[in-house]
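A, B, C, D, E and F label the chains in the order they appear, each numbered from 1.
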Amino acid sequence: MRELMQTGWLITGIGMGLVFAVIIILWGLMALLMKLTSREKKTKLESEAESDLLTEMVFLQEDQNDLKKKAAAAAVAIGLGLIQDAQSGPQINEQNTEINAWQAVTRARQLQNQIIRGRR
Amino acid sequence: MDFTYLINELTKGFTSFTWGSAFMIAVGLVLIALAVFKEYEPVLLLPIGFGCVMANLGMSADTGFMKVIYDAGIKTEIFPLLIFVGVGAMIDFSPLLSQPSMVLLGAAGQFGIYGTLLLALWLGFPLNQAASIGVIGAIDGPTAIFVGSKLAPEILAPIAVAAYSYMSLIPIIQPPIMKLLTTRKERLIRMEYSPRPVSRLTLVIFPIFVTVIVSLIAPDAAPLIAALMLGNLLRESLVVDRLNKAAQNEIINITTLFLGLAIGATMTAQSFLNLETLKILALGLAAFVIDTVAGLLFGKLMAVVTRNKVNPLIGACGISAFPMAGRLSAKMAQDEDFENFILMHAMGANTAGQLGSVIAGGLLLALVSGLV
Amino acid sequence: MDFTYLINELTKGFTSFTWGSAFMIAVGLVLIALAVFKEYEPVLLLPIGFGCVMANLGMSADTGFMKVIYDAGIKTEIFPLLIFVGVGAMIDFSPLLSQPSMVLLGAAGQFGIYGTLLLALWLGFPLNQAASIGVIGAIDGPTAIFVGSKLAPEILAPIAVAAYSYMSLIPIIQPPIMKLLTTRKERLIRMEYSPRPVSRLTLVIFPIFVTVIVSLIAPDAAPLIAALMLGNLLRESLVVDRLNKAAQNEIINITTLFLGLAIGATMTAQSFLNLETLKILALGLAAFVIDTVAGLLFGKLMAVVTRNKVNPLIGACGISAFPMAGRLSAKMAQDEDFENFILMHAMGANTAGQLGSVIAGGLLLALVSGLV
Amino acid sequence: MRELMQTGWLITGIGMGLVFAVIIILWGLMALLMKLTSREKKTKLESEAESDLLTEMVFLQEDQNDLKKKAAAAAVAIGLGLIQDAQSGPQINEQNTEINAWQAVTRARQLQNQIIRGRR
Amino acid sequence: MDFTYLINELTKGFTSFTWGSAFMIAVGLVLIALAVFKEYEPVLLLPIGFGCVMANLGMSADTGFMKVIYDAGIKTEIFPLLIFVGVGAMIDFSPLLSQPSMVLLGAAGQFGIYGTLLLALWLGFPLNQAASIGVIGAIDGPTAIFVGSKLAPEILAPIAVAAYSYMSLIPIIQPPIMKLLTTRKERLIRMEYSPRPVSRLTLVIFPIFVTVIVSLIAPDAAPLIAALMLGNLLRESLVVDRLNKAAQNEIINITTLFLGLAIGATMTAQSFLNLETLKILALGLAAFVIDTVAGLLFGKLMAVVTRNKVNPLIGACGISAFPMAGRLSAKMAQDEDFENFILMHAMGANTAGQLGSVIAGGLLLALVSGLV
Amino acid sequence: MRELMQTGWLITGIGMGLVFAVIIILWGLMALLMKLTSREKKTKLESEAESDLLTEMVFLQEDQNDLKKKAAAAAVAIGLGLIQDAQSGPQINEQNTEINAWQAVTRARQLQNQIIRGRR
């Protein structure tokens, strides 16, 4: 028993030590990655939009139906101003120019939640 | 014509039914009710509950078609890995990448694993079972099932049930601890959010590098991290929309259904109704509490070190339980101050917790396989 | 270099081709034509027909990749059960729940099972085969395949083909019987439809209770009823939309394709081209007729008992064949009187028939296993 | 042979007897269920709508695309008055207040079928 | 407590890591980069690349969960066949059916198979391996994997990698050859396009007849052609929309992901890093070149025979590589003359190449099995 | 070695010979098929449209949601004139009456491609 508990403490020590070690390595990696790629100006949003265009070109002939759907959905969404709202999730890149936009959207969602919670 | 056999055949449903079966069916019904009427993790608790009902009506994972599903998905480790491919495709690591120091919280939220392991050893569980129970503290279903099914498959059912049930109870378990351990002043700390733009290149390189590094240091975590990061690469590459959608929909939905059923189908009265199960359920709760406490204390430490630039509440997201824990922390901060939005920081810490859980689970597997 | 072997290898396609193969390929083409140009159950007859063509071109369920599919899906019973998960997610039991007495029609529509069993015994089939042939009278594909593959896998192909082919011919088989056995006055009976609202709680409890009760009384039907009711619970719980959609789309579509192919791939000339097959096909038709007659007679009985508050036509929906039979009865009533809408009552009886078929199939399995 | 037929008749008797027995038990169960839950006022339609709202909240951040699609589809459907028609299937609860609504819709569909049949 | 074992366990990720592993991971990263940033066949190169990275981090197809996937999908031949069901559902044969003579180009584009086989024999490969390498010249992934895994599974990885990599490089490999072998005058040839309407009946009969004829003459190609034509029948029948969509989406997407991963997972340093692999990669390139040359020469022959009614560029589509090669030829013609649209003719030749590749692959399998 | 090369040439001869043989048989089959069915007037497009109607009728009650989606998408697509564009892939039957239509669409797509390529 005592020996087993000792083993347990040993595992705990080595285990948590290694977890922190790996995580700190990841920290360094992430900081390095962000530093190395910070020069690249293109944000995700822009490249995403561009890539979507390309993808749609490539799949133009295979996936006509799919494309049609996307196009229709997009058209409607634009018309109704829904895209703005729908994309305001945890992806931060859309709002990276102004903090206010993010806060505004977040508050709007918060209000909405309260309304629904009230209904419940 | 053998009438005795005929009568046995026609009444076998009742003769093999015991009080234990009835009790376990009731347990299954409770899980289903929690799923349906409380909406506690319904996509998992409903299949687990129904699987439990089936198991105690003669359709357990030991026999017939449920055994086929169990053997195909759990024994081969395929189900938790497929779920991770889907989860990876749903995770956005950019909040974490734009604030790399948040990743530390993902390490702090793993103390519950070892704390629970020690408690389990102290209660007399053998090392392999104690480690499996400890991994409930990863607070991540696929990790718990992956590690548990390798170290102690005989107690996989209570481990999985504890992992998913308490995860669904996070909004009930965490808030009192959060209020107890933080002052109102701390909870009011606003965090600056001026994210650096995260380039597509970074988002593509990140999952690959994490796979390589974690696989080298913690090779037992390699399948889990590789599955998670494969899903994330499908998402961030932006060029394989078909595969990305398949991962986020078909693959994860079908797997979740059968994983839940298969886990539930191991909950027969014979295997589940005993004192050990109760102990495991209690230890599982302890794991959640220890994790949350450790995360919050580390959050407070970060608040001190950064001179109140970090709201300690986000420490509670380092436990994993993605994405519920992240949202809960943000909500707690807003409950104090309606204009305090820390969601992005919380999601950063939360995805860090996801990484930390996988790494800790893999290391635990290596350590215990090395010592048993 | 072995030229003889080379020539054999290059001509093996022709040397192993027989008149029987050609005939069976023609049978496959007929099934495909019925599917494509007559739209008779195309999602099943097309794969079965194509599987039949393949089987007689060297790709039968005895060898190669079709054996892999057959063993994975039919031998393990997984395919019919997965289809039932999808079917369950498509069934709305509220018309039945708001008129519980309709459920009786679901029992009456099973006489064909036993009538056909008796006919088959009389024609000299052994008991296990006779029972398998009888289960064509369940008029429900997954039930027939589930029971047939357990009692007499050697005649599974003709049973499945009969079940699905006649089911697609329901709009041709039933109407003359319906006209023959009911008077115009009976067909004109209007049925009151003031449904009691069915609460969500009822819709959630119903599938669970049915699973428990049927599994206890007819444990051999347990997998079938559990799969069907699991699908229905996914639907009615309203909280697992992802799983519900997966059941109604991915799971049922993929399974249907491979089930059809695998069944078709058992239709080799050697196993299919014999007198037994013809007898089975004839008996299958008898099963459909007996079921319909029994259902209609019971419907007339209900009309008498309720003093013309029940239109006997809905008795014909108790045979199962969900949802075609239900729609057909409603259409027959409207053909007499354009303003007579009995669709809701017909769907109630039809879903009752679905339940009755599964129960009867399971009981038959228990009885015959107990007596063989 | 004769013995086998006897067995057959026995199976038939027991089998159909048990089928009716189970079905009658189900009848009782269903009647009981309906009686016990009849007090609950909330109809399926209402709770469905409410639940949808909640579900959408929960999945707001994961499934932005999906939500967008749903929102767009819903918007269009409302605009074109399609929802009314599309929901008029065998789910009865929508029409539980007035029988006329059900009959009207059913007749409309019937007419539509005839038109299409005519075309064929 | 065994500390040596513990340390071994904790460092096994590094101790089993070799320079070869590092090199192969770099190869995997190159494949991923080609997929993500060059969009070269990303749905295949990305999973293959990630599988390669995994294989050299201890998750190869020889062990663990990747072995489960490899055994379930590649060994059983199921994966390439499922992909063909999806491809078939995406192919429109009407451009080919309205100009039947185009089908000849699909034969000419297979010379690369045999040319490469001869080259491989000359380089000292045994016959079975030489034939497997030759089948890269089918320029069709599923065919190459199907034939390669039967004749020489030990070199399946380089064959599959060559097949898919060069296929993604078609827009780089073909144009110089096309310019070299055709004159500007030839490339300016306009082709009349007054398609005869193709009736639905024709489109339904075609896949069935092709299945029967090819299965009889080249029974080793039967599974491939049957899978392809099943998919096409699902498409053209117009009555099984659910199955058609499942084939074009769920089935092909999920299979593609796992096929790519499984192929990539065979690329361990031990099995991949040797001179043979380099030779195979070089021979694969030769196969593409020979195919293109033969196709173009045959196109020129057709131009002569038809008195300049055929643009020789469409000869280059007979190699298969559907649908990239078809689009490329059309683009080449337009680059010379903006108003010259030969896309429909190119797609006709391209679908013919798809048929020719499957037939040639099956015949090769028969011939070599007969002679080895 | 020499023997193996001989075998190789033999395989090549038989193999390519058989490939051409099978392909020529297919050529004959296709020509025959086209001849036999050329009397049938109905083009694919028409029957497709008709079949879609029938399919939608059949699935009306099972797939309400799906139908609703389709209807909404179709409505939008029609409104925005997207269907015309989205269906102009390699399916030739839509354009089988006039060559000009096909050429016009193809040129339009070509121009579009150039525009996007320019952007790239």
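Basically, a residue touches a chain if its C-beta (ideal position, glycine included) is under 8 Å from a C-beta of that chain, and two chains touch if they have at least 3 such contacts.
Nothing here was measured: the structure is a model prediction, and the numbers come from that model.
Set against the Cα centre of subunit E, the chain with the most distant centre is D.
Chain centres were defined as the mean of their Cα atoms; on that basis the chain farthest from subunit C turns out to be A. Each chain gets a centre from the mean of its Cα atoms; for subunit C and subunit D, those two points are 20 Å apart. Note: centroid distance subunit B to subunit D, computed from Cα atoms, is 35 Å. Subunit E has its Cα centroid 41 Å from the Cα centroid of subunit B. Shared interface positions of subunit E, defined as residues touching 2 or more other chains, are 1, 10, 39, 217-218, 238-239, 250, 323, 367, 371. Residue positions of subunit A touching 2 or more other chains, listed in rising order: 7, 14, 18, 54, 61, 72-73, 76, 90.
Remark: subunit C residues 1-2, 5-6, 8-10, 12-14, 17, 25, 29, 32, 35-36, 39, 42-43, 46-47, 50, 53-54, 57-59, 64-65, 68-69, 249-250, 253-254, 256-257, 261 touch subunit E in the complex.
Subunit E contributes residues 76-78, 81, 204, 208, 211-212, 215-219, 222-223, 226, 230, 233-234, 237-240, 242-243, 245-247, 250-251, 366-367, 369-371 to its touches with subunit C in the complex.
On the side of subunit C, the complex with subunit D involves touching residues 92, 94-98, 100-101, 103-104, 106-107, 110-111, 113-115, 117-118, 121-122, 127, 130-131, 193-203, 205-206, 209-210, 213-214, 217-218, 238-239, 241, 334, 338-339, 341, 343-344, 347, 352, 355-356, 359-360, 363-364, 367-368, 371. Subunit D meets subunit C in the complex at residues 4-5, 7-9, 11-12, 14-16, 18-27, 29-31, 33-34, 37-38, 40, 42-44, 47-48, 51, 55, 90-93, 96, 99, 102-103, 106-107, 110.
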